[in-house]
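Below you'll find the structure I mean.
Chain naming follows the written order as A, B, C, D, E and F, and within any one chain the residues start at number 1.
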């Protein structure tokens, strides 16, 4: 068990690729991805209907070491700035295999 | 980064609307919603089959300030009482845009 | 509100049944399950395509008491060893009904 | 064995060889051997939409040539069944079966409503044997979805009021559930189909018939494959339900089917085909509309009881044995 | 009332009784009474795939017998509409309606593009009344998806540059969105269908026609049921849009429809049927391809404005009233 | 160029113009230009269900008129192929290609099993050219799904036992996977369809044929559009697979196809059409049933290798070039 930071990022689905690219650019290649996530926020759209797939949210969960946290946050902040979204960080223990 | 409370509420899908109304009634309009969530608990139904959509769970994730926490919990407790479910609260940091 | 441990286990979908059996074998019958979870890790497959349902991930969230934590982890570790995956543990408060 | 009897036996056997019944059996079989076969949930829901619209349009187009007044007795019968069956079922389950009251109410409510899947299988059965049938049972199908939910709600409130003084928020959900029971998806599709089939001039209808008529039996087969799998899944839960409830799930439809045939023949004057359909309406138990309504209305009741009974016992019984049985009854009565 | 007028009135009324329009109305109705009816999202997307392929193959097979040169004027008209309508719409919304510039651009872009659902409803309308129509509008449908997105992007950049010096990363996304607007799914399906219908020898095509032709109208009906529900959902958002925008959503299509009929008749020499289809292309607003493109390109704009207008106002207006109106206009002009 | 050769060339070209092949190519194209086109996953799974049932029912109905005994040689051949091909493929990949043993076993297992999608494309090819074919290959398709998985499991255990003493929990999963390989969804659908088609009297079958027969080719086209996209996605992974494996994915089917034609012609006495189908069974690699089985059985192997090879290399090769090639071979042999 080692201490890690658990980052939970909720953004609109259209930004999925950009998040992945930005993570790759700082060499983060491991993440867990939830698609078809609903939500409502300041600018959120409650239900964009049958064709609204691209208006849904996606959630990325990224576990990273404490040292990396700032790098990851700086990589993601421009997306949050432009399109909104939510990013929560909490402490967790990673169970070693 | 400011400290917030992360509320994770798992309830049956049929209560989705009631949760949203109760949150609105205390002026909480931001949340993230996961649908088609499975689960098993004290009263849970493991697999309600093809027509069991309404027997599935949904998960609400709500980030709120420490001061609001009690209000939110009191708003949600009647639902947990009547139909069961799970509600976890943990500490997190909210990344400011 | 009582303190619990929140276990978040991400494994490939083909291991779903084994996780459930192993949990049952240590008398854990309550969990929340997210299906169709994407992700990328050391051995992960980014997109297994139309027939790749069995290559997707599933996420189990299990809330258990501090005393049970070690038992649960030991029950799950063989799966993590053989097929990889992620298991995070964090602290949370359980809202009593 | 007389030639007639042998003919009847052969007919029975052939009737079990309709594709629809075989697909249902295939689905149960796949589930019993625990195959990993899975039909996509959205496919199952799509087929439900299609079949309800299709049966509605077909029925509506036939009703277009009839007077509305003629449908009144059938409609009254449908309402009557919907109101009385839950009471009867409640009495049997609670007083004979000694099941607690709220679980009894929840189960009873399912038997008062109908299963469109069973009804469609009966249509396929009659078509395969080229037996003609009246057009009104489709309208009864639409009407019988809701009243039993209403009765279930009232019964549950009555039970609760007997148990403890009426200070509680007991019927807080009543208006919501009632509204939902009358505007639920299957009713919209069925009634909408009926109306459209009835209103649209024949020549305008032609363009959509290849889709709604010619595909009907094929899609019904795939639907029944899925339903066989759903029923198969529930078979494992038999033990939880207990011997009394499982027998109830088999004997109650026989009793109700007989009642249905009787009423259809003597009060409505239906032919053997139409009486079979009425029997199926009466004898079948809902597994789509009623379960979620009961889950909200009676959270104290155990969903696996009512789901196992309606989907795991009564539904397969009706598809595999009930339908030919009701048809036999209907023939005896109409010929006798 | 002269016999002719009464005939026209009857025709109008009968035309409202096509199954497609009734299914659309049923969907809106279900939403208005807040029924729990839900069509599976994957079904809706599947029907879209089917309908785009089907209309493409059908059009392609007909074009196979025509010379490509003949299509050129129609194609030029399509491009012209796609480039000019957004400018016109922008001017009206911003200058007459006083809406802020970026929201005005986002909305305008939707009106320059097209709605395949409206186009298909118009085809069903013409078929139900046995009105012949030219084959080129299908090609125009494919062509008109994208140019308006391009114009929207350029307009947005121009607005941004006026507001603040061009140091920003304003058009960083431009190439991506442009590429996407020309390779988006509907274009692939429509153009792919056209090509396949055009290339495949007639006898090879026979095997797939029962699926792509005979089922077409039936599946279109289920699709319109779904679209009626989508439109119904947006009706609640009317208030947010405000009186000016709602009127815009009704009057703009009438204006554009008239323009379309005029161009189709005088410049392209189309019959009443073909002119109706052109009018529908011009008068309809995109609700599939353009919204996500605008969401990326103009994150400052409010999506519920453009979604409400295109899907909640203009789409149902066109389906229920616009199409017969444009057909009337076309008849007046072609007969006059 | 003789008239005959020119005829052959033309035939080849026309054969590439069947809708099914063009839809496959459209799917690959959409993926290559990175269009955002996406077919709903549930639609793809639904089409798979439909096609397997359809081909089963069709085959079953034809077998109903034949004696079961006649099928025995074909069945034996199918088993033989399923057992021997994995061994041959393993030897080539490990000994010639120098790939590590467990990856070699996992890949080899895929080639011993079959691809129903390829088989269906071959049927469409023969139908488009009006070439008759035997009815037994459909049964071989059902039989050939599983044996190769069995061989893969045994091979993997043998490899593991050679590498380290047998104290490990190596074959803990063996019974589970074996059971799954024989009860997997495609087999249930295919064998179930065959049985139903065989058992149901012809006149009872009529009602479901419009759905299962007339729609078949159209739905196959949409399925192949989806499969083209899936194959296109895998093209990017070519580099990871390396030159040897990519050549293996092209040359192995040619070798196996030749073998298939030979056996079908000389041992089974099939016509050119039937021999083509056998060649396709032998030459195609599974991408539905075998991948998850190998993922559980051999977690050490790299899934992107076997998925890329079976879905990204061998499948498109067979659809675009292999099928006409095997047909040429079959013609040479049967005519020669």
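Going forward, contacts are C-beta pairs under 8 Å (C-beta built on N, C-alpha and C of every residue); 3 or more make two chains touch, one makes a residue touch a chain.
Keep in mind that this is a model prediction, so the values were computed, not measured.
Of the two chain pairs examined here, A-E and E-F, it is E-F that is joined by more C-beta pairs in contact. Computed centre separation for the pair chain C/chain F is 35 angstrom, with centres defined by C-alpha atoms.
The geometric centre of chain A is 20 Å away from that of chain C, both derived from CA atoms. As a whole-number value, the distance joining the C-alpha centres of chain B and chain F reads 47 Å. Counting only residues that touch two or more partner chains, chain F has 39-42, 45-46, 214-215. Of all residues in chain C, those touching 2 or more other chains are 34, 36, 90-91, listed in ascending order.
The set of touching chain pairs reads A-B, A-C, A-E, B-C, B-D, C-F, D-E, D-F, E-F, using the touch definition from the header. By the touch criterion stated above, chain C contacts chain B in their complex at residues 1, 4, 6, 29-36, 61, 63, 90-95, 97.
Every residue of chain B that touches chain C in the complex is listed here, in rising order: 8, 10, 34, 36-42, 44, 57, 59, 73, 76-77, 80-81, 84, 86-91. Against chain F, the residues of chain D that register as touching in their complex are 14, 17-19, 22-23, 26, 29-30, 33-43, 46, 124, 127-128, 214-215, 217-219, 221-222, 225. Taken in their complex, chain B has these residues touching chain D: 12, 14, 45, 47-51, 53-55, 82-83.
Residues of chain E touching chain F in their complex: 40-42, 45-46, 49-50, 53, 179-180, 183-185, 187-189, 192, 195-196, 199-201, 204-205, 207-212, 214-215.
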